[in-house]
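Structures given as structure tokens follow.
What follows is chain A paired twice: with chain B in the first complex and chain C in the second.
Take a look at the complex of A and B:
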């Protein structure tokens, strides 16, 4: 069953692709014929400062566009987790990049730890794919968007020359959580 | 991508929607200087305008950017620029020149947190009064305020139509949130989009300025002998800087051209205003918190309604005056230290209490919870 409204926050460091994940997720939700708002927050620096992207997916029109309490939190750095964990709803879903987040405090949430950086570096041959690996895992775990819509959104969002590797990376994230946490 | 953007449902960023709407409205010239959070408009038009036989130029600064836009407009093109607070400040002199020369053009100001360079990537609503009074002298601007990606599209088209209808610069005053957010948007087929083009002169026409209505506008190369000057000029465009009557008629004429059509230009959205006891007057990103606030207030037994301003100027005086007669209080939330508040207070003129709610958010919006708290506080003070 699809919930009526899901608030998602994707957080990390500038350059990890948190904003792009939000964009892909939002586009996928439109392909699933949902209402969606995506916003972002980042520093003036090109990379290295805190970056986050927020996506609200709903069956109804959405007023306030910012996420206050999230159902799903993706943390791709330790700082991001420390900063945003308080905003995760009780019994929400937390996804972390195991290689970047060493310390996950005890929380009342379903926690999924994915070695996304490791998979990106070894299988996808570049760290830049860490975000689509996390997106693959997110899609499989939460079903917040359909797999088909997510893939279609990747194709329509990322630079042409990276479509194939992004789709493969999405698949790696998707499969990884399929094999158990 | 083809010349015509295919109609349909998309997931699009506000700035991109603005850029695509400009093309749909007939804009074929963009000049600008990159600045966060307006850069995507320049970026998108730099990509798209050449596909539509248009031109996009990156200029050396914002002064040159608006100069080029004004020149392009006199060459016959629909033209726009896009900037943010610091660049908007630099454009002010040329905005006055555009008013004085009755040059249709669209200036998008995507507000960020100021003063000065402030916070480049953060939202604010601090340029409201700058959009009204930024350039020197007397004039009445048209200022539009979108609150969604869909309106980044529809109000950009309206901005061009108003610029052409009244031969005047139009300020498209958006903010970082609305410009950077991505939402579902429906792009209508081109035959459903109403487009206004400027009135061209007949061969025998001799008057091109301050005719009491919108004067016809010749283009460079059309064969008319038209001086264009920011100095005081008569109906033919001839400089008359020593004549008090010519100056008075010109300045009053330029203002009244807009003022007497204010009813056609002003636009607002009412929500739950029938029988409500409190009205929230808001605009831009701040208005996005209002719908949820009204729901929250209902649960507390408070019946609140909303007037959302889609045009800031001309100011929708009548709508607010009418509403003020029937409510216990008007609340004006803004992400600045009171700008539209004083306008509301002026037109309400004591008919009902007007409460400001201001937040220098440093990037954080006014939330529905904060708005609700303010309503509850306001109600308890009145009762």
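Take a look at the complex of A and C:
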């Protein structure tokens, strides 16, 4: 899958790492030699509110970002899903954390439900890895960035002492999707 | 000056640090307890083309960024000015690097022309500090972030070995504006 331009939105609660996922994704796309426009909001998270980031990945130079519907939406909380679902294109791709999003309204979208919190707590003993698990699933499902570039971007983005566990978590998300769920 | 919401666009050639200025500015605004939405483009710079970043600073939570005209435009090259000038609001603030932008069209804006490249080459012996010189001038002129927060954000953003020179450069830009030009 190599579309001309893909808009990805990652949303969640503050602290879940939506901004970090956007950063890694943006960096990975640059490694893949794409053009990238990356938007992130700060401030709200510190107040325990919603966090989000958006990454536009394109084969061509991107004009200053227009507001448009996204092709891919990652929702790591119910509130995030409720807030952003209207902005997902018809037949777009929706990834949710199954453990956090209980109620997915009927939509014309390909919905992937990943038990990211459960995987993080069981395998990595910490919820902080939910974001790289979702990133692994996203990479496998959408191919919007290459696996190699995503891993390289993780190494270059996360704190050194968490690289190994983040790469493992990425792998768990990536493999989960292939497991027939 | 404490407006409700200010849109700042920083533009220049790849390598001039437009993205870095946006990052520092965004971080400084968070330190000032504002809400921030920060957008940056990657990819184009690596190809020697234009680079830009946009920072929206607000007292209130910001909806996902709408495309609108900016209140403040920083142009570090003639091409950047030509490309973005139409997006500056009437009576907005325009900062240009005097050594790089020879031709400022007549516009309804407050224009500040800072010899940033000259200051960088003379005082810091390197052009790479043009960006923090412009940031210093921007901070003094607009007050969009506090001087303290800007300095703190520089310390927390730039490579350790360049902190001192970046802080000095910020100070030079800040003081230049007060020098009666």
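Here is the rule we use: the second predicted complex is superposed on the first by the 173 of 181 C-alpha atoms of A that agree within 3 Å, B and C clash if a C-alpha of one lies under 4 Å from a C-alpha of the other, contacts with A are read in each partner's own complex, and residues count from 1 in each chain.
Operating definition for what follows: a residue touches a chain if its C-beta (ideal position, glycine included) is under 8 Å from a C-beta of that chain, and two chains touch if they have at least 3 such contacts.
From a predicted model like this one, the values you see are computed outputs, not experimental measurements.
K.L.:
Just chain B (first), just chain C (second), both, or neither: which does A:68 touch?
P.N.:
A:68 sits against chain B, while chain C stays out of touch.
K.L.:
With the two complexes superposed on chain A, say which partner A:39 touches: chain B (first), chain C (second), both, or neither.
P.N.:
So A:39 meets both chain B and chain C here.
K.L.:
Is A:23 touching the first partner chain B, the second partner chain C, both, or neither of them?
P.N.:
After superposition on chain A, A:23 lies in contact with chain B alone.
K.L.:
In the overlaid three-chain picture, which partner chain does A:52 touch, first (chain B) or second (chain C), both, or neither?
P.N.:
second
K.L.:
Pick out the shared contact residues on chain A: the ones touching chain B in one complex and chain C in the other.
P.N.:
26-27, 29-30, 35-44, 62, 64-66
K.L.:
Which residues, counting only chain A, touch chain B once they are in their complex?
P.N.:
Chain A residues touching chain B: 22-23, 26-27, 29-30, 35-44, 62-66, 68, 153.
K.L.:
Show which residues of chain C lie in contact with chain A when the two form their complex.
P.N.:
Per the stated touch rule, the residues are 26-27, 29-30, 33-44, 46, 49, 52, 54, 61-62, 64-67, 87.
K.L.:
Would you pull the chain B residues touching chain A in the complex into a rising list?
P.N.:
Residues 9-11, 36, 120-121, 177, 180-184, 285, 288-292, 363, 365, 367-369.
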